[in-house]
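Each of the next two complexes has chain A plus one more chain, namely chain B in the first and chain C in the second.
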Partner chain A sequence: MKRVLMGKLLLVFTVSLFLLGTVAVRAHAAQDKILLGAAISMTGKFAREGGELKGGYDFWRDWVNGRGGMDVGGKKYKVEIIYYDDKSDTMTAAKLTEKLITEDKVNFLLAPYSSGIAFATSAIAERYGYITIAGAANSDALYERGYKYLFSLLPPASHDFNATADLLSRQKPAPKTVAILALDSLLTILSTDGLRNHIKTLGLQEVYYTKFPAKTTDFSAMLTVIKAKNPDLVFFGGYFEDSVPFLKQCKELNVNAKAFAFLTAPQFEDWVKILGKDGDYAFSVMYWARAMNWKGPYFDVKSFADTFQKQTGTPMRLYHAQGAAGCVLLQIAIEKAGTLNQAKVRDVLSKMDVTTFWGPFKADEKGKNIKGRIAILQVQHGKTVSVDPADPGAKVWYPTPPWDKR
Partner chain B sequence: MAERDRLGRKTTAGGAWATRTVFGVLLLAAFLVPLALRGYWVRLLANVFMFGILAQGVNIIAGYCGYLALGNILFFGLGAYVTAVLMTHFGVPFPVAFAASGAGAVIFSAGIGLLILRLKGQYFLMATLALSELMREVISSLDITGGGRGLTLPMFTGGAATVNNFFYYLMLLLMLACTFCIWLIDRSYLGLAFKAIKFDEDAASVMGINPPPYKTAAWAISSLFTGFAGSAFAYWMGYIDPGVVFEITPSIKMYLMMVLGGAGTVWGPVAGALFIELVSELAWSRFMEYQFLIVGSILILTCLFTPKGLMDLVGKKFTWSLFTKGIRENKI
Partner chain C sequence: MILQMIINGLLVGGLYASIGVSFSLVYGIMGIINLAQGTQIILGAYLTCAMVQFFHIDPFLTLPVSGFVLFCWGYAIQRCIINMVGKGGVVLTSLLTFGLNLVLINIILLIWNADFRGVNPAYAGKNFELFGATIPYVRLAVFFVAVVATVSLHWFLGHTQTGNAIHASAQNKRAAQIVGINIRHSYALTFAISSGLAGAMGTLYVILKPVSPFSGADLLMILFLVAVLGGLGNIPGALLGGVVMGLTDSFSVLCLGMQYQKIVLFLGFILVLIFLPRGFFGRRFYG
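Take a look at the complex of A and B:
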């Protein structure tokens, strides 16, 4: 009898959930509001990056609403953002983008995290004539599809390592040989492919190149070959979880070079926590650094970080800035166009030559930001220091001493 | 008076008419959907149909034959990559690449099936998972597949509605074709042989059924469905990389759909795909923060109420005892 009763209760619970779900009504955007939509990774493998990007969008929304809203043709519009979780999944992101456009009828879209997801969502946005300002998707191939409504905030991924190679080629004693390792994934391969072409123009010789699969933890075979080749520079195209064991094993196998250059890993706090003094001398690529000192119409680099901290109560991180920068760029274009018409705002964006707190923006005919800059950081005394452009008093530590003399 | 079909199963004329009428109405509705609904719903249903195809693929090898091919996503990825490579590197039109994807999946499954279909139970399951990972690594290391960078396919030309409608009808027709194929198998001696292998392979051998060719045939048909779905998916998305098309989650999802709808039934996997996708959709759109909790709870409860799948409810009266029977049998 008890079992039967429990069964009935469970059935009622299930049916109730359905009914509750179907009758729930979300409030629609009121008039005099600009409705933005974002399908963004809140769960899954990109949850951390997606969460920070969302933090940047939220900050900008609150900031712009605090100023009375966006000025469009002399009228102030408050901003509202609809968020959906794409679960770090391409297909879900595509579905949600279509929902934002056709069901929610948003005025503008905010971009997702990662080039892989942006491939699918930008294709849908393009077909509906919706603008995508990709704040965190800079795969070169994204911009080779002839799209008219897709713009990149970042410089192309194939340029990621070039500034580091430029900086190191100017150091004394001049490097001559290079070893390159690349994680077999979209962005890392693009970065290292770009580097391999670029070092030829600098007169550097590639003595070793290899790709390695994701989740590689043992680099000893590769390092044994590198040690025999004795390159001046080692470029490692991998993420944080690859870069840390790589450098640890460099020390264990006593593999030395005049410089070890990474993509973004050394800029994370955990780099120093895990590697301690061994993490010093490592170079890192950064799309944005305080030393760049960009000044925009609403913020400069410092005031953005300060305002973010004050408004949200959390320290500003890179993807917060990327998210907010994409929104600021859209805001400038909308206000300049004086309309919410996608085609007209798109025309403004394609001709715009502007500098925001994030840096310069000028799109080529493919939507790539040809004025995008990259900063080079180096870990010195356990802290990341911008060496190009240089923080006040900062100098490049070069060459890197051998492991037994550090 | 009940009649019997050529395999000796009971049929009733009245029941058949009711079923045909319902089926006809649903089919007509499915074909009219793009005329009545907007882009998002069309895309959502196309997604459901794609999972219907994948679940039918698993249904043949696992539901009918009893071989748990959890790594069936292997053929999805293979089909996607055959299409992507042919279209990007050789300029092959989509229909040809689509056909080649199905053929490639069948050739691969038939070849490898002769070896690994000797394994049974969890060993076969693990072997298919390992194969899927192996294929992912191979494709990640080849230049022609773009390695970890993936491949960008030529864009389907046309407006949003044209693209959505094309893939909607493609997935719908493909799912119907797969289901029709399973319906034919279900009514044939091939289907009986599959079921005999599922229930007792040794006994089936004694009765004159030579299991290896039947099992290979089942896996080849399964891979054909899955390879076609992979091909359509690649062209639909416009970009693929190994992480996307060899992802294990859809593999588990297609299994769940088959089990929930009714393993070894003609329409069960389709019902399962529809149920799971629509429940997931309702859950995230209404209760985003609790979506996983809600979907998980509903799936567990559904399995408890109808342990043989949703198709087991067809033709039965919806009474309290029907549901509580499921609970009693599962000893809650």
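Take a look at the complex of A and C:
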């Protein structure tokens, strides 16, 4: 008797839950809102990058709502975003992504920061048939899993350093030898592995290669070995927290090269601020620079930066643009599809060949952006300028003078 | 190259030693594993950055201020919070300091946000040659200040009345109380000295490396290694532990490569734990 009663109760409970879910989904539609969700790093090691990405999402939401919302099949929908803090932790991000899909019932997902975290969240999204436009995750391995709903805004990471090597190999006096250092992480290893293959085609000789573990802050031992090898070019595949002590210690130990090229960091204001004049001559790569001068349907490079500053009251930073660019791409696809159906929007994305303020986008069958471009930056007089494509009047500073002659 | 490696190892080992001492002191006297110690060092570093930014002064001059601010913070925290659960054993106090660590990180985040900070004085990077080895002035100065701070602390604990009172509190609490030592004050002072040293080391640390609010977690690993290698609660041991760690770092890179640096370090650490479970000079209490 008791069992029958429990069974009935369970049935009533399940039906109620189902009805509640239906009502909730209908409520979104009835309110003419599109609900987006993002599990993003607000604290932890990626708080800075995640915070900027979120700033880009917020900007786009306010901007699109200010225009009356997104046009889907002739009807305007306002945009709302639910945020959760993934604490820069992969497992937390995966759980929160599932929560956004199954509990919050968001219409679309916005991507997290970093390839490592996107690796986990895109797997969840794929399982539920949700699109991920990764604005800040371009590790090649992400796109080698046969996923149908994952797209990259950026070009593949394995090409990151190649353009810098091309540029430097054309300089006079021509460099002959290269030292490569790689942080032992998914993205940096990909970039440096790509570079190691690429320099062979340029006739450059690799005289030193090493991986270094995460959280390394003392490079003095490694630099002593590099100094003995005396390479013409030093490529450093690491992040902000690695590259500052690395360059400081290059100066301390008087390690010179014709060029020091970094994967990322010199484009950040605080990198230049911390290193001052010592940061001059450093090369870096960026997926976006004002000199690229891309023009899109809603913004061009300049108008985006201006609108961002005007709307938010803060100067635009790189990840702001990256975040907003991912949203703009999603917006174009949704508006073109004229529906909120994930599969139909995905089909549009996979065929789309478009240029936004961020640059060209054309996905291959794996979701990699095969038209994505890279700009090469150099720190000159304490400011980061684009040298390829070149800002007006900008020229490559090469070779880098020795530390005692700067 | 060998001489350069030895110098690199020694110079970085001096700083490791001092930050290890700051951690070891609290454990040796009070039996508390202060999991907030790494972030206290980072707080000292942030104070230095702020002073350099606002007053445009040399970062070395900020050392007494960051040391003093952290000293006061440490005293207050011990008297008002840690003292309340002092009898709760190592698990409870570790939980408490873990919580304090989170609070400190969020305070830093609120005031300074998540951006990396660092200082780069004009003389940073200047160096001189000695028998073919390059010696950076800044690293030498940091090493010198760190060693002076550590040796001064050792002298203070061994040769002053307050130091003796701290010793007595660690050796026999009841006997110390009988001879009129204020145990609460002694403990608070110990914690304050440890925090003050952490603040001062934060100043030295940020001269060499950039920091973020989360850098304390990385430092905590160094603190543990140095303190355990030297013997928890032992100043000369921590000095030796720091130097051994610095030299191991250097030579593992030369012989095996950078990617094996941490493996070698932790293998050595395990061997020390097996054959010298109390570290190089481990004793039961501080001295």
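Keep in mind that, in the parts below, the second predicted complex is superposed on the first by the 376 of 406 C-alpha atoms of A that agree within 3 Å, B and C clash if a C-alpha of one lies under 4 Å from a C-alpha of the other, contacts with A are read in each partner's own complex, and residues count from 1 in each chain.
Just so it is clear, contacts are C-beta pairs under 8 Å (C-beta built on N, C-alpha and C of every residue); 3 or more make two chains touch, one makes a residue touch a chain.
Quantities reported herein were computed from a predicted structural model and do not represent experimental measurements.
Applying the stated contact rule after C-alpha superposition, one finds that A:I370 touches neither chain B nor chain C.
Of the two partner chains placed around the shared chain by superposition, chain B and chain C are both touched by A:K211.
Residue contacts after overlaying the shared chain place A:A343 against neither chain B nor chain C.
By the touch criterion defined above, A:W403 lies against chain C but remains apart from chain B after alignment on the C-alpha atoms of chain A. Shared-chain residue A:A174: touches no atom of chain B or chain C. Once the two complexes are overlaid on the shared chain, A:D184 sits against chain B and chain C alike. Applying the stated contact rule after C-alpha superposition, one finds that A:N254 touches chain C and leaves chain B untouched. When the two structures are aligned on the shared chain, A:V225 is found in touch with chain C, with no touch to chain B.
Within chain A, the residues touching chain B in one complex and chain C in the other are 184, 211, 213.
Residues 3-4, 6-8, 10-11, 13-14, 17-18, 20-22, 24, 84-85, 89-91, 94-95, 98-99, 101-103, 116, 119-120, 123-124, 127-128, 141, 144-145, 183-186, 188-190, 211, 213-214 of chain A are the ones that touch chain B when the two sit in their complex. Remark: chain C residues 1, 4-5, 8-9, 11-12, 109, 113-120, 124-125, 127, 134, 136, 138-139, 208-210, 212-215, 218, 249-254, 257-259, 261-262 touch chain A in the complex.
Residues of chain A touching chain C in their complex: 43-45, 47-48, 51, 181, 184, 210-213, 215-218, 220-222, 224-225, 228, 240-241, 244-245, 248, 251-254, 270-271, 274-276, 278, 403.
Across the complex, chain A is touched by residues 38-40, 43-44, 47, 137, 140-141, 147-150, 152, 155, 159-160, 163-164, 233, 237-239, 241, 243-244, 247, 249, 282-288, 291, 294, 297-298, 301-302, 304-305, 320, 323-324, 326-328, 332 of chain B.
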